[in-house]
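Two complexes are shown next, each including chain A; its partner changes from chain B in the first to chain C in the second.
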Partner chain A sequence: MALTVERAGFVYGRGTAYSSRALDGISLTVSPGEVVLVLGATGSGKSTLLRLAAGLAPPSEGRVLVDGVDTAGPDASRLRGRVGLVFQRPEAQLFAETVAEDLAFGPRNLGRSERDARADADEALEAVGLDPEAFGRRSPFTLSGGEARRVAIAGVLAMRPAYLLLDEPTAGLDARGRAAVLGVVAEAKRRGGVAVVTHDAEELLPLADTVLVLEGGSPVFVGPAAELLARPAPLEAAGLAVPPVLDVQVRAVEAGARLPMLTLDPALAAEILAASVRRAR
Partner chain B sequence: MRFPTGLGQYVPVPSPLHSLDARTKMLLGVALTAALFLVRGFAGLIALALVVAMALWVSRVPPRVAFRGLRAVALLLAFTVLVHALSLGAAHPLFRFGPVSVDSAGLLEGAFFGLRIVVLVVGTSLLTLTTTPIDLTDGLERLIRPLGYLGVPTGDIAMMLNVALRFIPTTAEEAERVVTAQQARGARFDEGGPVARVRAYVPVLVPLFVSLFRRADVLATAMEARCYRGGRGRTRLRESHMGGRDWVALAAGVALLSAIAATG
Partner chain C sequence: MIELADVTFRYPGAERPALAGVTLSLAPGEHVAVVGANGSGKSTLALLCDGMLLPEGGSVHVDGMDTRDAATAFEVRSRVGLVLQDPDDQIVGAVVEEDAAFGPENLGVPREELRARVDEALAAVGLAGLERREPHLLSEGQKQRLAIAGALAMRPAYLVLDEPAAMLDPRGREDVGAILGRLASGGTGILRVTHDLAEAAAARRVVALCDGSVAFDGLPADLLADALLMDRVGVAPPPLAALAEGLRLRGVDVRADAFTPAALLEALWR
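Presenting the complex of A and B:
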């Protein structure tokens, strides 16, 4: 049981003068209860990878399997609702008169009964940390940025997908909104497999189990998040910012400090650095 | 999912027709339309068809592309030919279906009106096929400028045209984004009868309008922040000029078309 991308490649406008390769030889596995982080600069092919994983486009090479079923195969229709994709700025897709109504859109499309759809909607709203009583009756156009983003994510969660794919879920939100969305990612991990695409490593690395770093459509790093934390060089290779907390520690090591580990937690990092200074005295 | 915009069909090849000023081509288009509705017989119509064929040849636009515009009026074309061809109780019917029959006079009449539509559509599409949308709006602005003396805000109309044109690809892109997002939520746009299909677009149209209004608001504020005070007295970066070639082409074209209209 997993969502697997096997040596997939993708070419936009294949066979035309505008043909351009977006992905080349990407392999990735998202297992239930796991967060996979896909990092890459703008234009590195991250969003294309999510479209392939969600079955919205068939890969030009390789294949995408959801629980063993090929998304480009004859049984692909069985996968309806198995993979939930949350696009960039998903609040732009809210349309209904009330939040509850909007959230029930997906479950209804999957053919669930009116009662089940309502229950799914309420449950999804709770999952993103919003009170169904208070928010269900509101118009989606009166929500704050962070609330609208969470409602939009809930709209996908309401379909109860086994795998949730998120494209830049924290982009453009204030600190409170970002924290709330990170909470949603943690909650989604309890419900199934999660893949998150972003160019901002700092916030999501602590939540990630596995990381894939893309550069120009090709992988420059695949492995456990802890491994990337210990040696963050691939981030720079991919044109991404090394999180400042991590950068300070990397530079301290280069300057001769001996640190037992590298961490993204500022408090822990300060403690480790202080301890190393004490040892040096 | 593609939204047909009908624009952006400009064919970028170098040709004498491409290098004419947009105003010249627009006025010639008007003259052609007038001539088409003035000619009474096949001789004149065929002469006009030949003129359009010549223009098409000069424009170096692939004929396949020029005839593409006919797809939009295919139904109208078929209807026109049929209505003229069918008649009740014709004297010398070629063949009949029950009470309805087809005679050669009706068939000829149908062919005449059908050909008129074909020449009109192909001839006027040459305008958009050989002129960039920007040149078109520039040309239109210059053409309507005299209306400014009557109090018509021609500068504002031109700015609206420009902005509208600029928003077409943005809107198409936005629409495509929303369609994909709703598809990812299980929406189907290709099922059910006509009513069901129209209803299926509600989840697309509502967010699309909301975002368009937001965008328009931001753009208006941004334009004001850059001191836009209406179109009056604005100068242009690129002034289009009616050159000698334009006047010659216009004079020759109008003369030819009027001659055909008068004799055909």
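Presenting the complex of A and C:
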């Protein structure tokens, strides 16, 4: 059981004058209970990879399998609802008069009964930390940015996908909204496999199990998150910033400091760095 | 000078005003960051600056012209460039260069100069080479750059940007920061809405909005030093500021304006 991308490539506008390659030779596995982080700069192919993983577009080369079923094969229709994709700025897609109506739309379209669809909607709202009683009746257009983002993610969760794919889920949110969405990612991990695409390593790296770093459509790093934390050079190679707290520690090591570990946690980093300075004196 | 005096604004049907009693000014060459939580009134403030929204109470003047005065509305909008939060709301051209030319063309800029302005604006935001690309084929970050280029090509005296870097990657954000810094040094007044305090720290002055009112107006270092205020305003201290605070608590002498990794390292091994 896993969502696997096997040596996949993708070319936009193949065979036309505008033909451009977005992905080349990407392999990736998302297992249930795992968060896979896909990092890359603007135009690195991150969003295209999610589209392939969600079966929205067939890969130009290689293949994408969901629990063993090829998304471009004859059995692809069996996969309906198995993979949920949350687009960038998903709140732009909220449309119904009430939040409850909006959330029931997906499960209803998957052929679930009215009662099941409502139950799925309520349950999804709880999963994103919003009270179904209080929020179900609200108009989606009266929500704050963070609330609207969570409702939009709940709309995908309501379809009970085995794999949840999120494209820049924290972009444009304030501190509270970002913290809430990070909580949703942690909750989604308990329900299935999660893949998150972002150019912000700082917030999501602590939640990730596996990381794929893309540069110009090709992988420059695939491996455990802990490995990237210990040696963050691939982030720079991909045109991404090394998170500043990590950067301080990397530079300290380069200057000769001996640190037992590298961490993204500012408080822990302060403790480690202060102790290292004391030892040096 | 853009001057907001005791400005109040309420959206139709809303119970509470989005802005209440806001007084604020932006001088040519000044670089001001506006921070606050979602719903604090930041975007409303941006839209009031060029007359896109008109105040319910109080007044907004641009170089002495009241934004409510229809006779000067065109002049006001050619002096204040506005970059909206969602680039899809403002991209109109069929290809990139056409979109960047839309603003200055409407100002009646002659053909040869138009070409030069568009090339310069696209180069400034790193979109040179994509002149003939259709906007819908751009990534979100590239669209955001195009929206900025469209405003730059109008050569406005003031540039008001609503989260211009929200969809950009770290390098893109640095680029935008550098572009805005250069424009401010060249005399353009910059008002930039953001909720990233690390970005705000690059401005010389920060205004924090809370529930539609100004909760802070001063130096970035003073806001970063006030944890209670940051919490009330709903902005998170940048992780580097949290690291600096942690080091201070452990007896390392870190200056209040040490916002970069290099400055922190220097403090550690001084």
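By our rule, the second predicted complex is superposed on the first by the 281 of 281 C-alpha atoms of A that agree within 3 Å, B and C clash if a C-alpha of one lies under 4 Å from a C-alpha of the other, contacts with A are read in each partner's own complex, and residues count from 1 in each chain.
Rule of thumb we're sticking to: a contact is a pair of C-beta atoms (placed from the backbone, for glycine too) under 8 Å apart; a residue touches a chain by one contact, two chains touch by 3 or more.
As the structure is a computational prediction, the values presented were derived from the model and not from experiment.
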| item | value |
| --- | --- |
| Chain A as common anchor, with chain B and chain C clashing or fitting | clash |
| Which of chain B and chain C A:L229 touches, first, second, both or neither | neither |
| Touched partner set for A:V11, first chain B, second chain C, both or neither | neither |
| Contacts of A:L240 with chain B and chain C, given as first, second, both or neither | second |
| Chain A residues touched by each partner, larger count belonging to chain B or chain C | C |
| Partner chain(s) touched by A:L110 [first = chain B, second = chain C, both, neither] | first |
| Touched partner set for A:A175, first chain B, second chain C, both or neither | second |
| Chain B versus chain C as contact partner of A:M159, first or second or both or neither | first |
| Partner chain in contact with A:A255 - chain B first, chain C second, else both or neither | second |
| Where chain A meets both chain C and chain B, residue numbers | 92 |
| Of chain A, residues touching chain B in the complex | 54, 56, 80-81, 84-85, 87, 90, 92-96, 105-106, 109-110, 141, 155-156, 159 |
| Chain C contact footprint on chain A (complex, rising order) | 12, 18, 40-43, 47, 88-89, 92, 144-146, 168, 171-178, 199-200, 202, 239-241, 243-245, 247-248, 251-252, 255, 264, 266-267, 269-271, 273-274, 277, 280 |
| Complex contacts: residues of chain B adjacent to chain A | 174, 177-178, 180-188, 202-204, 206-207, 210-211 |
| Interface residues, chain C side, partner chain A - complex | 36-39, 85-86, 137, 139-142, 163, 166-172, 174, 195, 198, 234-236, 238-240, 242-243, 245-247, 249-252, 260-262, 264-265, 268-269 |
